[in-house]
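Each structure below appears as structure tokens.
The two complexes that follow have chain A in common; it is paired with chain B in the first and with chain C in the second.
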Partner chain A sequence: MTAEILGRGRARVEGPAKVTGAAKYAADLHPSGLAYGYLVLATVGRGTVTAVDAEAALASPGVLAVYSPFNPLKLYGGIVHSDQSFLGQNWLPLQDAEVRHHGQIVGLVVADTFEQARRGAALVRVVYDARPPVADFAAALPNAVSPGPINGEPDVLDLLAPGVPSIEAALAAAPVRAGGTYTQPPKNPVPLEPHATVAVWDQAGLTLHLGTQAAMPSALTVAAALGQDPARVRVLSEHVGGGFGGKLYTWAHPLLTAAAAQALGRPVKTVITHEQMFSVTGNRTPVHQTVELGASADGALQAVKHEAVSGLSTSGLIFEQAAHTTSRYLYKAPNIHVAQKVAMLDAPPSTWMRAPGEEPGSFALESAMDELAAKLNLDPVELRLRNYSTVVPGRGVPWSSKHLDECYRLGAARFGWNRRAQRPGSVREGDWLIGYGMASAAYPGNQFPYTMAKVRLRADGGAEVSSATADLGTGMRTVLSSVVAERLGLPGERVAAVLGDSVLPMNYGAFASAGTASTATAARAAASAAVAQLVQVAVQNAASPFHGLDPKDVVYAEGRLTGPGGLDAAFGELLTRIDVSGVEAQDGSAPPPDARNFAVHSFGAHFCEVRVHAWTSEVRLRRFTSVIDAGRIVNERTARSQIAGGLVFGIGQALFEGSVMEPASGRTANANLAEYLIPVNADVPVFDIQFLSHPDTNFNEFGARGIGELGTVGSAAAIANALFNATGRRVRDLPVTVDKLFG
Partner chain B sequence: MRAFEYAAARTPADAFARTTPRTAYLAGGTTLVDLMKLGVVEPDAVIDINGLGLRGIRLDRDGLRVGALERMSDVAEHPVVAAEFPVVAQALQASASPQIRNMASIGGNLLQRTRCGYFRDVATACNKRQPGSGCPAQTGANRGHAVFGTSASCVATHASDLAVALVALDARVELAGPAGRREVPLADFYRLPGDSPQVENDLRPGELVTAVAVPRLAFARRSTYLKVRDRQSYEFALVSVAAALDVRNGTVRDVRLAVGGVGTRPWRLPLAEQALRGKRLTEATARQAVEAGTADARPLAFNAFKPALLRRTAVRTLLALGG
Partner chain C sequence: MEFLRPSTWDEALAAKAEYPSAVPIAGGTDVMVELNFDRHRPEALIDLNRVPELHTWEIDDDVVRLGASVPYTRIIDHLTDRLPGLSLAAHTVGSPQIRNRGSVGGNLGAASPAGDAHPALLASGGRVEVASVRGTRMIPIDDFYLGVKRNALEEDELILAVHIPSATAPQQFSKIGTRNAMVIAVCSFGIGLHPETGTVRTGIGSAAPTPRRATDAEEFIAAELADAGLWASRGELAASTAQRFGELVAQAASPIDDVRGSAAYRRHALSVMARRTLTWTWNEYRTAGRAAA
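Coming up: the complex of A and B.
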């Protein structure tokens, strides 16, 4: 039994609750006396609010209050530049009259009902002294500036062979060169569960129901902004309906909602609309990249040059580190140059979004590798194998565990890659052109510096594991339950997992693909600690049959304690007999002390088949094969969903997604889910997802690395490469829409 | 959303008695309620017409008649429609999502408002929403906008797929209002934007669409609707083609051709039809005809691809039908 609980496809533990609607998300909660908030957003791209006329709004039925820069709610600015802050932007709402980007918060209307609040917001008249925003990414490129060091390395990093004066010299000396300029628009995480907050104050302080990937950091951020003792702020986030990075940081609306609830003396709920998410809750910056590859005639890379300029909002905080997260290490080359700049934009806050850096970087690098393979007339898989890196360039350290070569070979075999036509545009079925493409994936194996979990063994024979992480559809609950059940030798359904609460044991949250490595490892350690504690109680409690024994003589297995002379009791029976409701222990996880001796990445190889209509250039994805090397897989079913979700993200990147920012106004022209296209089911092909199983025990005792973002890395390049194979047309500007393919 | 009164009309006369310039009729609500949430449409009162009957899908000697309150999904799945007028069934199936098709009425579909992003954002100017305020779409985000029938006041695309199929088939709309009943060819029902894009159709105050009549057309059995869009479902057309073809021994006896996603109203291509009649259907004749029929396309900054994509889509459609 115990061997089976890990690895097998155990169903998501909260699945029935989610599909029956029993699962409550923040917006589903209606505490007694609830009032509703609705945001007022700026309709200019830069400037100053000179007046706010709230008279009509205040006279509108049900409106309780209109907050604005001229009637603000007090927030404490010290949080803005604090190391402890998870605030997603570098300013606090309503504390000044500045408009920093189109669609920023300039007001909050609170009313008795949602409809009344929305109507009130529509009646608020905001007068601006508008100035032209810097909102044209292409025009801002020449003004791009250094962002400072990246991952502890210079923003312009040259790893050159002895005697080579520059990357240009290395490229000039290479007989075969390929590459180009790769561009992509800004993107928005747009999870289907909109960001929602319900703020309830009582004598104990503030309880904030908030869809978040990081309950504990959110609680600290909210407490600091509101001037509250952190002990008086609790963030609850039982279910999160997708986040993709957009629910990692704390945005402005929960701060205002909590402050308004305090001011009004009643609970307030603010659910922001999908339209508002495009400007209030962060996006992925646009990226402009150039990649130049130089190789010898046999395909050995001589030079890799990858330069990226990413947008960065003047409101902060995050930009896509496209070159350093990809070309820096993915291939063995004697000369590597990576460089990163940022172009400052008066745009909505830039934030983390699934595979930040790797998403654009892998598109550029893996497209360029395909272009090089075409120039060399070499199979793209073979080109990658010839340039396989076994140590990190410039550092010389090996990977903790790397089986990317096996991903390539197994993927090629499963996919039938040998049927690929090397000559583009040469395979046709009726009016459809057929193409095959592939690309590599790599994403860091992250582990938080410090993670705690608690395991409690109960007198009813069940157990509970808890940690302040989140389950945003990732399967974290299921993973934690399974890991602890395996360690305790219990059926999975006897182990409850509790998360999404800032008062639980310390956890940064669910992001950076670090959840399983951090929290599962901590949970396993906590389970062991709980067993040790159980044994201590068993030998120390006078009513226990094990009383007085040496703890070394008491053995725990499969939910039972056994000892000399045939002593045997299930732990629930024992606890019941000694009248103790439960025993519990906490333990934690941290990266290994020898972490610097290894690089840690999860790897994968994507293969895809596309069809392109010869007349209309419509694209159809037919199938995907992805082989994943992510260490030990805790639960194949939820892991597969994670990779599939990542692939769907990559499909969106390749074919659909992009915010259209109007250069003159900074307004996002397609800020809604009708015009900002994400893939629908009809766009998603059959996925053949295969996991290698090489536990990475150099990384952690458990041997698991992260998978949350890996599926997204490289999948857009695999599609673009397949489109080239189908049509002979290389599109370097995403998304690849029909108009870019035909002609 | 502005507060509004709600009343359910029991009879057409009841509906007409309640109507004023500040009221709106409610059928499926899939457009109206959206636009009310956005503040684009702010009626004082909504008159629910779902109790008026206006149902029925019937084929007789004269042709097909569909009540205006029939739901899109019911018409799309009706065996007579699918057999006799596949272009209609396919245009409906290619529209919106199953949930929306289950709610949206045929009359409401024909009266749906444009998807122009400036029309739908009350923080921007729009001549259609606020006459005289301007048209940011002329130079703004206009990838989805029209290349036929545009004016300096408006370049918004008519969004209905169904209307394109119906215009190809010479359908007529039956109207009823305080002043009585009348019938209008659908192609004439829609207005070009000109200087008054806020006037989109020929409806008189208080009038309702009560039914759609499609004349009998034997060769409509050989008809189809091809919709090219950025994703495969739940998306408006970049370009679409409704075609019916009567071809014998390789020669075109008659043809109907209308296009969508490209016009400020559903756009028939009479010149292309004329050029094809009596010709052998080949790639070359189809291309020549379609080029002749679309020569007046006037693309904008971000939709320059539309005329070429439209021509390819039309040729593909004709060849597929003729093959």
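Coming up: the complex of A and C.
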């Protein structure tokens, strides 16, 4: 009855709550006695706050407090960024008078109402000793520096064939060369739910409602900053309205909000505006890349050279690792050179954003591969198949499971790739030029260590699975419910999934496309443990009909225990009869496979058709086919949404998105959703998404790899390549706007 | 900030007389954005939503009198037959939610060169009915736009309605945006055929300090059509004529480079939009003539 619960298109379990407005996000909560915080942000790009005049603000109706560098809330430093701290930046707010970037927090006003707090913030006068910021990425490129090792390898990595002195020599010896310089602006995750936080203190300590991808690390980070015992800080995050990496780390405003609530003895809520989101929370750094490919006349790669310079905020922490995450392993080549530098910028903190590294890196590499195919007059799919890697270059280890070749072939067949014209600009329908493009996708199969889950079987016949992960629209609740329902042999609706609470069983959170691999395997193990516990209780409890039996003779299947002599009871009946409200057990995910034996990636191939207006260069995406090799797919319906969402991200990267930072001030000029363009429905074509079904049991018992970020990898290159096929024009500077395509 | 809520037109005019710097607000789709971005902090807002006559329209023979606050959605639903160019422009405004709130009066009040209604109004012709406690006057649309976000209103005046001639022949509107929906125009173009006067009117959007007509192009095409007797014969328009028309439209623009597009692209796109919309409207005119015959 329940064998098909996995894989089938089960609807998102919290869907009705979300579409009816019943789901409560952090900003929806109004605890009794609530006060409201509003941030004061720096209006210079670098410098020092020399004075803060709070008099008018404090005299304004309803204002309770004005915090600033000269009237700070105490936060404890010494937080070193590590796996135990998820602080999003390398400094704590209001602890000094330094201005590190435009729009950083320099004050917090708390008042009885939101409007009073906002009014108070407008009345705070901040005096600066301003200095010119380093905010021009292009100008900062010559000063780029080494970031240190990347993924345990040198930032400049040469994998050269014996006797080859340098990558330049390998390139020089190659008869056919292609490549170029690829650039893209900084970007912001801009989830529709603004970052919101509500802090409530009581005898037990702090309860912090916070839209976050990582409740438990958030609790640890907040506890450290407030000098609190971690056991006294609980982070609740039942629903998260999108995150895309931007809600992974803990930003400055929850720390201040929690500290203000403690100082004032009242709950405080701070909801940042979309405009503030651009400077208070993290962004994806700008990236400048050069790729040079050398090949023999038959298309065999001889040399791959990929050098990237990414911005890095002086506030930290993360930069795009574009070359090491892509050209390092994607193709078989005897000579590979990848290099990474960072250009320091007085910019808002840079952070992880969906497919960090792979997003820019795949655009550069997969564009260059298309350019090489054009030079060779070779089909781009064929070029990729001729350079197919079966072991990781330089390491010799195979992948745990890799069927990228099948993705290419199946995708090409589904898409009708054989109808592609090799000659660019040669297919026209009326006023529209038609182009086909494709690209590869690969993203690491990650699995966190020590992920725990708990499963409880209840006397009412239901079950509950819990773990401190998040569901930011990924479908994680549905996946956990389904995985446990399958293991227990119950209908999905009888298994509730509980997450988004830092006191639940240990979980790093929802990021790195590691949610299903980590948490679903833990949940499945916990379900087995709960069944074992149920059997133990059944044979040990004196009131149980199974009392005294050998546990080996008691069989659990489809919600029932059976034993010798026709003994048979549903677990709910049994628990009710023996007066036990429930039995539960925790278990964890198995450790990830030894990296010495396998590399693990999810793979995919994207194919896209574009129309470009022959006269105005307007772009319309007509259709996308993506074939995904991600091991076992737990729920096709939510998985499809994950890939589609990733593709929409790629569309944004290719055609729309980019923060515009004013070089002189460091201010983001388009910090709003009217001018920071993301794709709208009218920009999104029909997606044909197909999953291969090759469970990756070398990776985990369950066979599932991640899919959350894969759709974003390579999709921008597929679009840019299709635009080239349509027009003959190669645009290497993203986003591809009409005037760039027009020339 | 004072928030004034007149319930009648006379109260609204009195409020505007008392607070000349007050900003009128109806749908709020532009004013609220300006307030949220702190670009303006007017001493007072005059909420016009309770003034009934702003929300209605009347059709009098050959003229539509369109209340200033009639939302774009209603124009699309009820006035497409009479105001086809404006209806096409209305389709491209924002999202459904914005079209439910935004109105032509708001576009005129803001007088942004990128406002979607302007090219259609210039192409159809018409007059803006404005009023103050001193009285009412009609401003021809051609005289309405004075500079970037500046219009011909006196400081005590409010926009009551727009009088737009019902279309007697095909009209078109074309817009290029930075994405496929919910965007400000990179540039836009409106065109209307007026066989009764033997004229073609045009409107250029987002490619000059103000919305403007391309008068050289209009004179050129009027002469071409008259010389060849094409209004009567409904004969074919030479491709070279449409091409030249497009070039003259592009020349009439004074675009700048900005984040939405380059000046060079805007000129090019205007020439394309002008050529194509002229061809579409003329072919539609020819087809209508054959159907009638």
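Rule of thumb we're sticking to: the second predicted complex is superposed on the first by the 733 of 743 C-alpha atoms of A that agree within 3 Å, B and C clash if a C-alpha of one lies under 4 Å from a C-alpha of the other, contacts with A are read in each partner's own complex, and residues count from 1 in each chain.
Here is the rule we use: a contact is a pair of C-beta atoms (placed from the backbone, for glycine too) under 8 Å apart; a residue touches a chain by one contact, two chains touch by 3 or more.
Only a predicted model underlies this, so the values are computations on that prediction, with no experimental measurement involved.
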Problem - chain B versus chain C as contact partner of A:61, first or second or both or neither - result: first
Exercise for the section: Based on the superposed arrangement, let me know which partner A:169 touches: chain B (first), chain C (second), both, or neither? Expected result: neither
Exercise for the section: Pick one for A:742: touches chain B only (first), chain C only (second), both, or neither. Expected result: both
Exercise for the section: With the two complexes superposed on chain A, say which partner A:660 touches: chain B (first), chain C (second), both, or neither. Expected result: both
Practice task
Once the structures are superposed on A, label A:674 by its partner contacts, choosing first (chain B), second (chain C), both or neither.
Solution key: both
Practice task
Quick one: classify A:297 as touching chain B (first), chain C (second), both or neither.
Solution key: neither
Practice task
Determine where on chain A the residues touched by chain B overlap those touched by chain C, and list them.
Solution key: 615-618, 620, 655-656, 660, 669-670, 674-675, 677, 679-683, 737-739, 742
Fill in the blank from the handout: The chain B residues in contact with chain A across the complex are 1-3, 37, 39, 115, 117, 122-124, 140-141, 144, 228, 230-235, 238, 305, 308-309, 312-313, 315-316
Handout entry: chain A-touching residues of chain C, taken from the complex the two chains share
Key = 33, 37, 176, 178-184, 186, 259, 261-262, 264-265, 268-269, 272-273, 276
Problem - chain A - residues contacting chain C, complex - result: 615-618, 620, 655-656, 660, 669-670, 672, 674-675, 677, 679-683, 737-739, 742
Handout entry: chain B contact footprint on chain A (complex, rising order)
Key = 43, 61, 115, 118-119, 122, 431, 613, 615-618, 620, 655-656, 660, 662, 667, 669-670, 674-675, 677, 679-683, 737-739, 742-743
